[in-house]
Each structure stands twice: as structure tokens, then as C-alpha cells.
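There are two complexes below, and they share chain A, which is joined by chain B in the first and by chain C in the second.
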Partner chain A sequence: MAGLYAAMSYGLALIYGVLKIINLANAGFLMLGAYVTWWLFTSYHIHPLLAPLLIVPAFFLFGWALERTLVRRVLSAEPIISLLLLFGVWLVLQNLAYVIWTGDTRSIETPFVEATVNAGGLQLAVPRLYVFAMGALVLIALQLFLTRTYLGRAIRATAQDRDAARLVGVDVDRVMGIAFGIGIALAGFGGSLLSLLFSFTPDFGRALSLKSFCIVVLGGLDSIVGVAFGSLALALAEAFGVRYMPASLQNLISFVVLVVVLIALPRGIVGTVRALRRG
Partner chain B sequence: MLEVTELAVAYGDVQVLWDVSLRVERGEIVALLGANGAGKTTLLRAISRTVPVRAGTIVLEGERIDRSPSAHVVELGVAHVPEGRRLWPDMSVEDNLRLGAYPRRARAGASSALDYVYAMFPRVADRRRQIAGTLSGGEQQMVAIGRGLMSKPSILMLDEPSLGLAPIVVAEMFETVRRINAEGTTVLLVEQNVRQALEIATRGYVVETGRVVSSGTREELLGSDEIRKAYLGL
Partner chain C sequence: MGKPVAYAVVAIVALSAVPFVAPRSEYAIEVLFLIFLYGAMATAWNLLGGFAGQVSFGHAAFLGIGAYATTIMIANGVSLWVAVPVSALLAGLYSLVIGIPAFRLRGPYFSIATIGIGEATRLIALNWTSLTGGASGLTLAGAPPLVQQYFAALALLVAAVGLAAWIRSSRFGYALAAVRQDTDAAETLGVATTVTKTQALFLSACILGVAGSVYALHYLFISPDSVFGFSTSISLVIMPIIGGLGTVTGPLIGAVVYTFIREQFAATLANVDLLAFGVLLIAIVVFEPRGILGIADRVRGMRRARPPAGADA
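And now, the complex of A and B:
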């Protein structure tokens, strides 16, 4: 599960880091990513594993355009305004999904989704392994992009000190559009992966979004490495948690973790480590 | 190469610069002096286009830049090393420096610029993998200046590089600025260390509550009674 949690949470962390707003529409884009994967499969026979090739660029452009047209206007306003705007975007996406795809539960059924492999006597579901691998792969790709390219470094610089970024010639407005686009693309990608594991309705993503918030709070809201740690921590907490409590309470775990972390380590794991290192 | 004429700047309704004119020729070190809150930082920010200009003009190498975006001004060769250093604290020293070469014209020469900066600041070279926030104040200031040099600027604007440093490090800092200038970079230097700034400067301007109140060559300023009284404590 850790790979999946990571894939659906980086976008949130990236958008918060660069734009300092919380993307409440994240769940909407997760849901949309799942639906688009299903729709491409049922209507055009595009294999669900190929769907991200279309979803990622399309969602990037959509996110970029959304930042240019709407989000940009509320960046300097009070935080509540951007929360309301993005909450509104979520509601619109949700209702659009009801109109287009109705409220029926959908799921993707292919031989791939049903497949299992036998590893040393253990039956492992292939899609789960695949989702974990893709999550890890995207984490690594994103980390390389952020540390090795000028644009990636400019994104990190903008997150850490916007004015200093301007002074070395970074076009901060452009970077914010790109970061928002990448954040939305990651949500779409995460949703596409999710559709391989779960059935979904237009409400899909709400509980998962709570987990995303938990992960970014665990990791520190603006750290990609932190997201990886946070995802792992939550996945482990849940894996242990279900042994001692009914599965129906599983979603409670992320909520409890969220509250505990907010009280004990308000800067997240990585933030706390950094503060200690800086002395 | 840089000419500011009758500049006015305001933060919202609060005007902080009135009718400021200033000129920097190629190869000079020009000192910008004045007490706290006089508007020195604001003047540099107007030139680097990180604060809006209300009136007046700024011309760099014949091109008007008072309405240009900051990225364009950096591309043209202005490097602004801000007050308080403003490094990216969670990035390595080397990543901080590499980002200094962000302008397109500087990217191809980034590796040689990095060698130049490390040669100028051997202490920074020793700490290149360290997280910038863990460095001492003096070292951070060197990284901040190094980051400015990475874009191979034609004019380097330094905002109080000696602020908060131990006296011995301050002397080193001024020596560094002199050397950077001797190696071909024009410098606009904001300082409250008036005596040391004038030691290395060719000319200076004194700003008080948002206006230029006097200006002249180094000798003229050092010889002026007002300056000796107000800033040199003589």
C-alpha cells in the first residue's frame, strides 16, 4: 500500500510546498483519474496500464490551466478563499462524474487485475505489486527531476524562499503553474493506479484523501522524501492496526495518526530532523 | 551602465523612496550608505524588480527595465545578493550555488563559474555537500555572494554583506568585494559600515528617509564634515 499512498500524496505535498495552498480538490482528481482509466478501457479498449500515458499529460495541462485561470487569483487572499475554491472544484468534478458516469459502482476487470503470483508459498496480487512498483518509480523520477534539473531545482527554491528564487531569475509565476500541473497529474496518476485495486463511485477518494493529508502531515507538508516516509509509516501502522481491530475501523488509524502527529511533531518527521540538524 | 532617475517607490500607500537618482559606471564600486530604514534595500529591490516602481526610470546598458519582470533583469546581468543572505536553507551548498546559474545565458558556463566560486571561497568548497542552513553566518554570506557570482553578472548588488559578522570576518568580506571588483565585476554595495565601505568604494551616495542627501567620490565623502559627524563619529 505504501507505493499507492505515496503516489496519491506527492501531488498534495508539491502543491502545498510551492503554492502554500492545500489542494482540497485532490480527491476529485484521484476519482477522475480512476474514471478516465475505466472509460478509456471500456469505450476505447485502451489497456488500463497504458492509461497513464494519456492521463498524466492531460491532467498536467488541466492543472496548469486551472492555476492560470482560477487558483492564481486567490493566492494572495486569505487561506480560506483557496480552500473554498478548491473545495468547489472538487464538488464540480464530483457532480460532473455523476452526470457523465452515473453513481453506479465501477470496476476494471481484466486478467491482469485478477492475476496473482506465487512467491515462496505466498500468493501475491499482481496489481498490488505493480502499483507499489509504479509508486516507487514515480517517487524516484520525481526526486531526480527535483534535484537534477534546473526546473526541478527552481521548484524547490520557490518552495523554500520565493523571493530568493526571483533574485536568481526564476519566473515564479510560471513555476507555480507547472507545480500545480504536476500535482494534478500525480493525482490523476494515483487515481489511475487505484482503479486497478478498487471499485469506485464519484465519491471515491474521500477516505483516501484523509490518508493523503495524514501522510503529508507526517512527512512535513513540503518534502518529497517526507512523503515516502509518511506513506511507509501509515501503511505499516494500518497493517499492524488491522490485527487488533476490525477492518471497518481502518480509516480511523490515519485520523488518529494525524491528530497525534499534529500535536507531537507539528513540523513532521523530516521537518523535525532538519530542525535538529540545523541546531 | 546603470542609471536610476527620479525614482519613487511605495509599499501600498506608504511611500519610501522619493526622487532618487543614481548612476553606476562600469568597473566601479559604488557605496550606498544610510541609517536603518532609509530605503537602501528598497532601492536595490526596485532595480532587481522585486518591488513595483511608482515613478521614474531605471536604465541598464541603454535598456529601460523599470517595468521588466525580475527574471529579465537577471538575464540582463544584474545579480542581487539580498539582505539576510536568503539561502535555501534545506538545500545543499552546491545546489544553492548551481541555482545561481539559472539564467539561460549562464547555464553553459555553470561548471566553470562553480570552480571560480570555490577558488574564491575555499571554505565554501569544503562544505559543498552540507545543508546550507547548517553553515555559520560568515559562510552563508559567502555562499550568498557565490550564488550571485554564478550568473556571471555585469553588476553585483550586495545588501549589507557584513551584517551580523564578527569583525575579523567583516574585514575578509570587504577584501572579497574588492577582489571581485578587481576581477571585472561592477559592484553596488549597501553598507552601514561606512568607513570600510568607503575604503573600497570609488563613489558613494547617502540616503536618508527615502532621499539621496549627498553623493560624491570617496574623497569628497570622507572629507565632508556632515558625513564625518553623522557616520564616522569624528
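And now, the complex of A and C:
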């Protein structure tokens, strides 16, 4: 579960870090990733594990174009304006999915999805292991990209201080477009992974999206490693919480965690740490 | 100040005459009823979202509490005259329970928390089966005549818009505007920002509580997914933005546009209406964040800029 939560939250953290906007459309792209995987599988018999090869570049381009055409125009406005814009994007994606794919519940069924392995007496579902591994792999890849490549460093520089990055010669506009594209591609990838574990409808993602916000706030809004820890914390909180309350209320846990964290640390964990550092 | 009041009086008189002039046109009365109800709801949302700039994605919670409180009380034989004010008060009290912690959050964080609040309220309503009937919802036996509902909704709308107009030109309204523009600066200048925001939320929730009563008495059936649903919260966000965020008449214009678009698409495909609203929302936010009123302003500005072409220019 933790790997999955992490996979769906990286994009959110990256976009917040670089563009300082909250991608409310994240849920929409998760859902879209799941649907595209399903559609490729049922219409073209492309194996669900290969779908990300198509989804990641396509979503990257889509996200990049979205940043160029719409998001860029509202970056300098009040934060609430960009929130509303991405809320609009979410509405469009969600209802487009209703129109194209109807509200019927979909799921992907392959031998792979039902496979289990026996590990020291424990029956483990293969897709869950796979998703966890992928979540960890993406974390490592992202961390390498952000620390070892010029573009990755440029992204981090822009996240830290946009004006300073511009001063030392980073093409900030280009970096923001690329970062948004990567963020969307990560959401699409997360959605594709989700489709292996759950059945979904166009409304899929709202509860998950809340979890993503929770994770990102827990881990620090712009730290990739923080997201991984946040995911683990939430997955554990849910696993233990479920023993003491009805399963139908499970989604309340992330909400309670979110509210407690937000209220205890109104600026988010990162903001609090920064404020403390500044003394 | 005199001119808008005069327009409002003319509009109220004209709208009050509709059921007597055209008593047979039930559809027109129904559509106007919906516009009044949505207009009041949008105006209520706008008190907090527009005036104070605190965008809430969870306002359906207050509508739902009003609707459930009214339905439960009336089903148990409580008089309507008691049930409606108590519903409003319950919604208002709930807003205090939520608002006091939630207002520790700023801007976008507050907005995200409200998604959670709306969702949590729906889940509670869904699972508290002994009180709410769970997913199967609650029904009421008989509705008041449509004409009575029509006037109830009109009265609610007039009260809501009147309150908004009064707030806008009051000290309280200026405090809200200061919170919207710069919360820290407002605090420095002696505005008790949290108290101000909480008051706006309370008023907003009370109006939505009454709207919930009207809703319950009109549809006679409520379920967690209808009144507490996320789509209800969405519609409350969309209407003021379409019309003009933070204005007195904007939410009303938004409610008219919203109701017509919804009625247009109601017969065709489901969800096409929400798709249209999404596109509209994006277009407005990107090109004219002040909504239809902003567009009207621009058109007027263009006319004034042009050299007078005729006698009436």
C-alpha cells in the first residue's frame, strides 16, 4: 500500500515544489491513467504492465502543453485562482471520462493480477509486490534524476528560489513546463499502477486524492523522500486504524490525519521546519 | 445605493406576480424556484468564498444538515415554523465546530481541508443509519403547494442577497475584503481575522441550512449522495465564479446560467453539464476571473472608450 500511495503522490509534490501550486487535478490524471491502461488492454491487447511505456510520454506532453497554455497564465495570480483552474481541469477530465467510458465500474483481469507467491509461509499478491517495487523504483529514479542531471538540478534550483535560479542562467519557464509535465506523467503512471489493484469509475481518485494531499502534507510539500515516508506513515495508520473502526469509515482516517497535521502545523511540516531554522 | 434598491423592488414585484399571471405554467415556476434556491445557496457560499476569499469545497455539508434536520423534525411532527429555524441553527453550529479548527489553515490549505470536511460529513451521514436511514435516504409524506415553495425560495433569496448587499457596504464587509486581500496586513491593522472569517462562515451556513429545508420540502426525498454529495459542493463553487466572485449580484447571475445549462442538458447525457461547467470555469479563471460581471464591465468600458457615434451613445 505504501508504494502505491507514494507513486500517486510524487507528482503532486514535484508540481507544488516547482510551481508552488496545488494540483487539484491530480485525481483526474490518476483516473485517466487507470482508464487508458484499461482501454489499451481491452481494445489493443496491450499488457497492463507495458501501458506505462505509452502513458508516461503521452501524459508528459499533455501536462507540458497544459502548463504552457493555461497554468502559466495564472501563476502570478492569487493561489486560489490556480486552485480553481486545476479544479476546472479535474471537472473536465472526470466528466469527459463519464461521457466516454460511462459510470460503469471497470477492472483489469489478467493471470498476472491474480497471481500470488509464497514467501516464507506468507501468501503475497504479485501485483501488490510489483506496485510496491515500482513505487520504490520511481523514488530512486526521481532522486537520481533530481540530483545527478543538469535538468534535475535546474528543477530543484527553481523550487528553492525561482528568481535566484533565473539569475544563474536557468531557463525557469522551460523548467516549470517540464516539471509540470513530469508531475502529470507521474500521476498517469500512478493511475496505471492503481488499475492493477482496484476496480475504478470516473469518480475514482477523489478519496485517493485526499490521501495524496495528506501524504504530501505529512512528508513535506516539496520533498520526494518525505513523500515516501508520508506514504508509509499513512499506510500504517490505516492498517492499524481499521482494526478499531468499521471498514466503511476507513477513508475517514486519512482525513483525520490530514486535519490533525494541518492544524498542529498550519504551514505544513516543511514550513514549520523552515520557520524553526530561520529561528 | 438608491438605484439598485429600486431595481430590486421592481424585480421582486415582477417575480411575485408570476404565479398569479401565469398559474398554469408549472415548468416556468419550477425553473424560477430552482433559480431562487440556487441563487440563495450561491450567495451564501459567496459570503465566505467571494467576500472573504476562503474557497470552500465542502459547503454541501450545511445544506445536508439543514435538509436532514428539517426532514427528521417534520417526520416527528415538529411544526415547520420551529423546524426551519432550528435547521438553520444546527447548520450554523456545525459550521462553528468545523470553522474553528479549519480556519487555522490559510488559503489553499483551507480549501483542501474543506474537501475532506465535506467528504467526512457525507461518510458520517451514510453510516449513521439509525438517524439518517443510511444510503437509502429519508422521505417526507407531503409537500406544500408549489406556489408556497416559490415564495419561500424567493423570500430566502431576497434575504440572502439583502444580507450580502448590507455586508458589502458595512464595516464587517470591509474586514472581510481586508482578509481576502492580505490576511497578515488585516491582522496588523486590528482586524480579528479568524473571528471575521468564522462569522462569515456561520452566516453562510445558516442560509444554507434554510436552503436545505426548502430543498427537503421540495424534493421530499434526501440521501447522503444528493444533499451531502460532492457535486452539490461543486455547484456552489461554480455559480459565484461564473457570475462574479465577491460581488452581490454575481452569484445570482451564476445561478441563472447554471440552472439554464443544467435544464438544457438534463434531457440529454448525464455529466455533459458538469463537463460544460468545467470548461466554463477554466475559461473564466484564465481570461476573466471576475466572471460575467467582469465581462460586462469590459464591454461597458469599450463602449465608453469609443467616440460617441450617435445620439444615444
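General observations
Just so it is clear, the second predicted complex is superposed on the first by the 264 of 279 C-alpha atoms of A that agree within 3 Å, B and C clash if a C-alpha of one lies under 4 Å from a C-alpha of the other, contacts with A are read in each partner's own complex, and residues count from 1 in each chain.
We take it that contacts are C-beta pairs under 8 Å (C-beta built on N, C-alpha and C of every residue); 3 or more make two chains touch, one makes a residue touch a chain.
Here the structure is a predicted model, which is why all the values come from computation and not from measurement.
Shared-chain residue A:L61: touches no atom of chain B or chain C.
Residue contacts after overlaying the shared chain place A:V92 against chain C, while chain B stays out of touching range.
Once chain A of one complex is fitted onto chain A of the other, the partner contacts of A:I140 are absent, as it touches neither chain B nor chain C.
Looking at the shared chain after the overlay, A:I100 reaches neither chain B nor chain C.
By the document's definition of touching, neither partner reaches A:L236: not chain B, not chain C.
Once chain A of one complex is fitted onto chain A of the other, the partner contacts of A:R156 are limited to chain B, with no touch recorded for chain C.
Set against each other, chain B and chain C differ in how many residues of chain A they touch, and the higher count belongs to C. Of the two partner chains placed by the overlay, only chain B lies in contact with A:V168; chain C stays clear of it. Comparing which residues of chain A touch chain B with which touch chain C, the overlap is empty.
Chain contact summary for the complex, chain B toward chain A: residues 48, 50, 69-71, 74-75, 79-82, 86-91, 95, 98-100, 102-103, 107, 131, 133-134, 147, 151. Across the complex, chain B is touched by residues 147, 150, 153-154, 156-157, 160-161, 163-171, 274, 277-279 of chain A.
Across the interface of their complex, chain C is touched by residues 22, 24, 70, 73-74, 77-81, 83-85, 87-92, 94-96, 98-99, 103, 206-207, 210, 213, 217, 246, 248-249, 251-252, 254-255, 258-259, 262-263, 266-268 of chain A. Interface of chain C with chain A (complex): residues 53, 55, 57, 101-102, 104-109, 111-113, 115-117, 119-120, 123, 126-127, 230, 234, 237, 241, 269-272, 274-275, 277-279, 281-282, 285-286, 289.
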